[in-house]
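So that you can tell them apart, the chains are marked A, B, C, D and E in the order they are listed, and the count of residues begins at 1 in each.
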Amino acid sequence: MFDTALSAADLWFLTKGAGMTILVTAVSVVFGTVLGIVFGVFRYQLGAIWAAPVTFVLDVSRSIPLLIQLVLANAFLGTVLRLQMSGFTVACMVLTLYTAAYCAEIVRGGIDAVPLNTRRAARSLGMTWAQDMRYIVMPLATRVALPSWIGLALGVMKDSALVYVVQVVELMKSTQILITRLQEPLFLLLICGLFYFVISFPLARFGGYLEKRWSND
Amino acid sequence: MFGYTFQWKQALSKLPQMLDGALVTMEIALLSMAIGIALAVLLTLFRLSGNRVLNGFAVTWVEVARNTPALFQIYMAHFGVASFGIHFSPFTSLLIGITFNNAGYLAENFRGALKAIPETQTRAGRSLGMTPLEAFGYIVMPQMLRIAFLPMTNQMVWAILMTSLGVTVGLNIDLYGVTQDLNALTFRTFELFAIAGVIFYLITKIIQLGARLVAARLFRY
Amino acid sequence: MIEIENVYKSFGALQVLKGINLTVPNGEVLTVIGGSGSGKSTLLTCINGLEKIDSGRILVDGTDVHAKSTDLNKLRQKLGIVFQQFNAFPHLTVLENVTLAPRKVLGQSKEQAREMAVKQLSHVGLGDKLDVYPSRLSGGQQQRMAIARALAMSPDYMLFDEVTSALDPQLVGEVLDTLRLLASEGMTMICVTHEMKFAREVSDRVAFFDKGVMAEIAPPAQLFDAPQTESLKTFLAATH
Amino acid sequence: ADKLDDIIASGTLRCAVTLDFPPMGMRDASNNPIGFDVDYCNDLAAALGVTAEIVDTPFPERIPALMSGRVDVGVASTSDTLERAKTVGFSIPYYAFENAVVANDKVEMADWEGMKGKTVGATAGTYEAIWLEGQVKAWGEGEFRPYQTQADVFLALSQGQLDATVSTVEVAEANVKSGNFPGIKIVDKAPMVPDYVALFTMRNEYGLINYLDLFVNQQVRTGRYAELYKKWVGDGEPANLSVPGVDR
Amino acid sequence: MIEIENVYKSFGALQVLKGINLTVPNGEVLTVIGGSGSGKSTLLTCINGLEKIDSGRILVDGTDVHAKSTDLNKLRQKLGIVFQQFNAFPHLTVLENVTLAPRKVLGQSKEQAREMAVKQLSHVGLGDKLDVYPSRLSGGQQQRMAIARALAMSPDYMLFDEVTSALDPQLVGEVLDTLRLLASEGMTMICVTHEMKFAREVSDRVAFFDKGVMAEIAPPAQLFDAPQTESLKTFLAATH
């Protein structure tokens, strides 16, 4: 069907782009999750009023296009503060906050899903707040939260396509570069889509599987 | 304090142009939601139909929409399909891309919502003499839309945010496009995009507030 | 008249109805009793065609319910049914619950449907709840609304499937009173129930189901006071 | 120490180059950067005694990339507009473009005024885009679309999504010649003031700007300018870089 | 000894406990009965400090439960409590459910905790379910596991809050038997229950709560056979 000039080197170039996509995603998701858990517990524990500043920041990062966040962070860190940061660093910072914002919600939802009575049972056995959190709430909340968390990780992976604005050459940008040279947009886009799909689909299915498995016990 | 001098006045003077852009952004988001919801209901029906072809079509749509970046979908709607000689204007391309994405995500939400509606509701409808389609339309769908209302609000917010990707297909009349055009002229990047960010933030807040009011009016049960 | 002729029905490997024969003439109140899983609910859903049968025939006014050519949607308008679980449509007010099917299925005008609905709702004692949402109703009120909803289609037959078993004890009475009223007005009814007192009082005949078989059928006095089979004796002993 | 010292001390010169702007910047078959601007940056690095690092920067991102400290200088065919000079510091021009009107084969178009009422586009943020958008506004009919990259513009033109574009003669000729974009033709010169492009760096780095001026001057003087022109653009006269009747 | 002195407690505007005075000496089995919403559950959760009180005092072995200086986590180890809703930790096996607190709170070794757990689980008849997850247990088994879990902390007092009301009738017996066993072993217990027969048999005293007030308290024979207040009479009439 396709008579293509695409070479093995070009495929390797795309694979490197996909590698960058995965790297940016992995870094952001790891740090974002840690931060999200901290914020999530923090919000749950402090109550709405004390947690308001954090809530606001997280809310902002969910309410402004990622593209603008990247441009602004880049302009602010680089142009205003004159910090010498690579585009990769800026991209990871923005995506980390972005991940944390959604993750905090997921964590809070997970904690909320642990029945109050189960927690009461733990406390009435003499467990401290921390023990209750560690041995009862976290394991149970994880079951509720993990499927959404996988969804989030995949979302971040897809949204990382936007980090091209800070000169990070990831999968989508690699594809555009090849389109520039080879002028086979449809074919290259299909390959690019396939790459995304191959990374994303198994994980998405795994999330669905966990959800199904855990929803009936 | 900074090595950079802010020039807010110059940037703020462009506010009217940016607000015009915000209107276009909202227009695209609203249209894409309206069409997206209709398509999502259709996809949901396809999935319920038991017909393998229709079901396969719906599943493919949903999986592609959910497993590839929105940027990809929009780029595809403009440059990809043009390889078949089908040309859409930037506005239409963006609308198609976002609508495709919305429909996929909403269909999945609807499927989840459907699970929460007891089968006995359909039975009750059928035993009053309704056809399957009537039972779906009058009984199941309204309840489904209520359960899916919050996810729908989120999707609306995402639709707003996704309009920023229109620049990749040559759109320059939406909020992000206008901002970028202004930036190309003056390079007051931080100021201009900060203003755009505030406008986006306000739009999403208005949507969320509006959704709450609508929900209060619509779902009194 | 409802005629049930040698009806068999299985779910997978599980045989639920094993050759049921039963005729319910117009005007009769038939009560069906029996243990859990004996096939009572399944019989009702087969009568109005919500479930298919494996063999045999069910005729309603002479129409074969499970024939290909039968317009089930039309047929069901004749057959009101009320289930154990409250099936109120939660997104509609009480009035809308009752007027929905008359308007959309029978094509009645808004006014026409409303008039009928108000009549039926008053009948079941909900005349003052028209604009309330079902979530604000008690279980008993929800069941009475479901009855009014079925009656608004002007059915010729009413099927009741343990309409009181999901209710708190103090609410059972109000729903049974509604059934009594209907019976006294001459409605043809099949009532699946666990309320023996009610069955004894209201029914013309009582049928006892045991593991998919109609083990006994007789007027209440006879069935309750002189049970013939061992299984009925055990059943009656357990429910007293 | 100023920027110039910093670059020499660090041993690398980071240049913003736009790599979808053939023949000025592009990629070879193994996706490595090549082109006039790439060579120009390498020359500059060599003169400074450091190694060059090419940072691929789309047109709209060139100045932001500099302002955020991601690159040291821009060697990216950047028009020296007065508006931009408020933000960055330009050297003397190192190249000058004439602009051409390029159209899709299927479109009837005799000269540049044929663009009136058509769907036209150019690369967002470029000199020619700003001119063309102004023309479309002045005509009061037709549609203008700014795409993110030069490649997207020609792709859209080749697909027939655009009727015509304005681009530098060099780019237009290179793209027509390459055969990558079937179905496009050069129609006419665009009636624009020649587009002088310059190197740029931070506005207050006078030492570096000074150095860049002298470097551009030396490139012409030593014949390297003509050499690079021949290598990347082809036979013919490279544009005159001085404007008669005025000094800078 | 548990001493409750003039305890008041409200949730917002709703006064739930209105001056409760009660002393439970060691070794006593006290049963608490009363209508829904009368404050029985609230009293129990106040005794082990899960809820704060508004005024009054609660002393357990002389320690003021609600004093700032009291280490509640320590105190709660003395006070086992089992709730109406099954509170199994669903992500842990039966054995892990029971050993978790002894290991993490009391710092017992794995073996030590296991030994105790096996003993208590056998005690309640679950010796063969050690490695099963709670979702595989019946309601009655879950409740007995909850009792074993509380007993594994070697508490001095046990509080039971309607531990049988969420159970199917046939499972009630097995849990009540476990309570009887505990009572016969001399455990100090406060049991909130609706099982009048059980209350009559097992208790040393029965307390009747009515709208946040302890209306009557007496040995079972006296309380059940010669109720003093109108409200207790009505209550007993309704539950028979």
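Here is the rule we use: a residue touches a chain if its C-beta (ideal position, glycine included) is under 8 Å from a C-beta of that chain, and two chains touch if they have at least 3 such contacts.
Quantities reported herein were computed from a predicted structural model and do not represent experimental measurements.
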{"item": "Common touching chains of chain B and chain A", "value": "D"}
{"item": "Lowest number of touching-chain links that must be crossed from chain D to chain E", "value": "2"}
{"item": "Far-end chain from chain B, centres as C-alpha averages", "value": "E"}
{"item": "Two chains sharing the most contacts, counting C-beta pairs only", "value": "A-B"}
{"item": "Separation of chain A from chain D, taking each centre as the mean of its C-alpha atoms, in whole Å", "value": "37"}
{"item": "Intercentroid distance (Cα basis), chain E paired with chain A, Å", "value": "46"}
{"item": "For chain B paired with chain E, centre-to-centre distance based on mean C-alpha positions, whole Å", "value": "53"}
{"item": "For chain B, residues contacting two or more additional chains", "value": "4, 79, 82-83, 189"}
{"item": "Touching two or more other chains - residue numbers and ranges from chain E", "value": "none"}
{"item": "In chain A, residues with contacts to at least two other chains", "value": "71, 75, 79, 82, 179, 185"}
{"item": "Chains that touch, pairwise", "value": "A-B, A-D, A-E, B-C, B-D"}
{"item": "Touch list for chain E against partner chain A, complex", "value": "45, 48, 50, 73-77, 79-81, 83, 85, 87, 89-91, 100-101, 104-106, 133, 135, 146, 149-150, 153"}
{"item": "Residues of chain A that touch chain E when the two form their complex", "value": "115, 117-118, 120-128, 131, 135-136, 139-140, 143, 217"}
{"item": "Of all residues in chain B, those that touch chain C in their complex", "value": "118, 120-121, 123-131, 134, 138-139, 142-143, 146, 219-221"}
{"item": "Complex contact set, residues of chain A against chain D", "value": "7, 9-10, 13, 71, 74-75, 77-79, 82-87, 164-165, 167, 169, 176-183, 185"}
{"item": "Chain A-touching residues of chain B, taken from the complex the two chains share", "value": "2-4, 63-64, 66-72, 75-76, 79-84, 157, 161-165, 176, 189-190, 193-194, 196-197, 200-201, 204-205"}
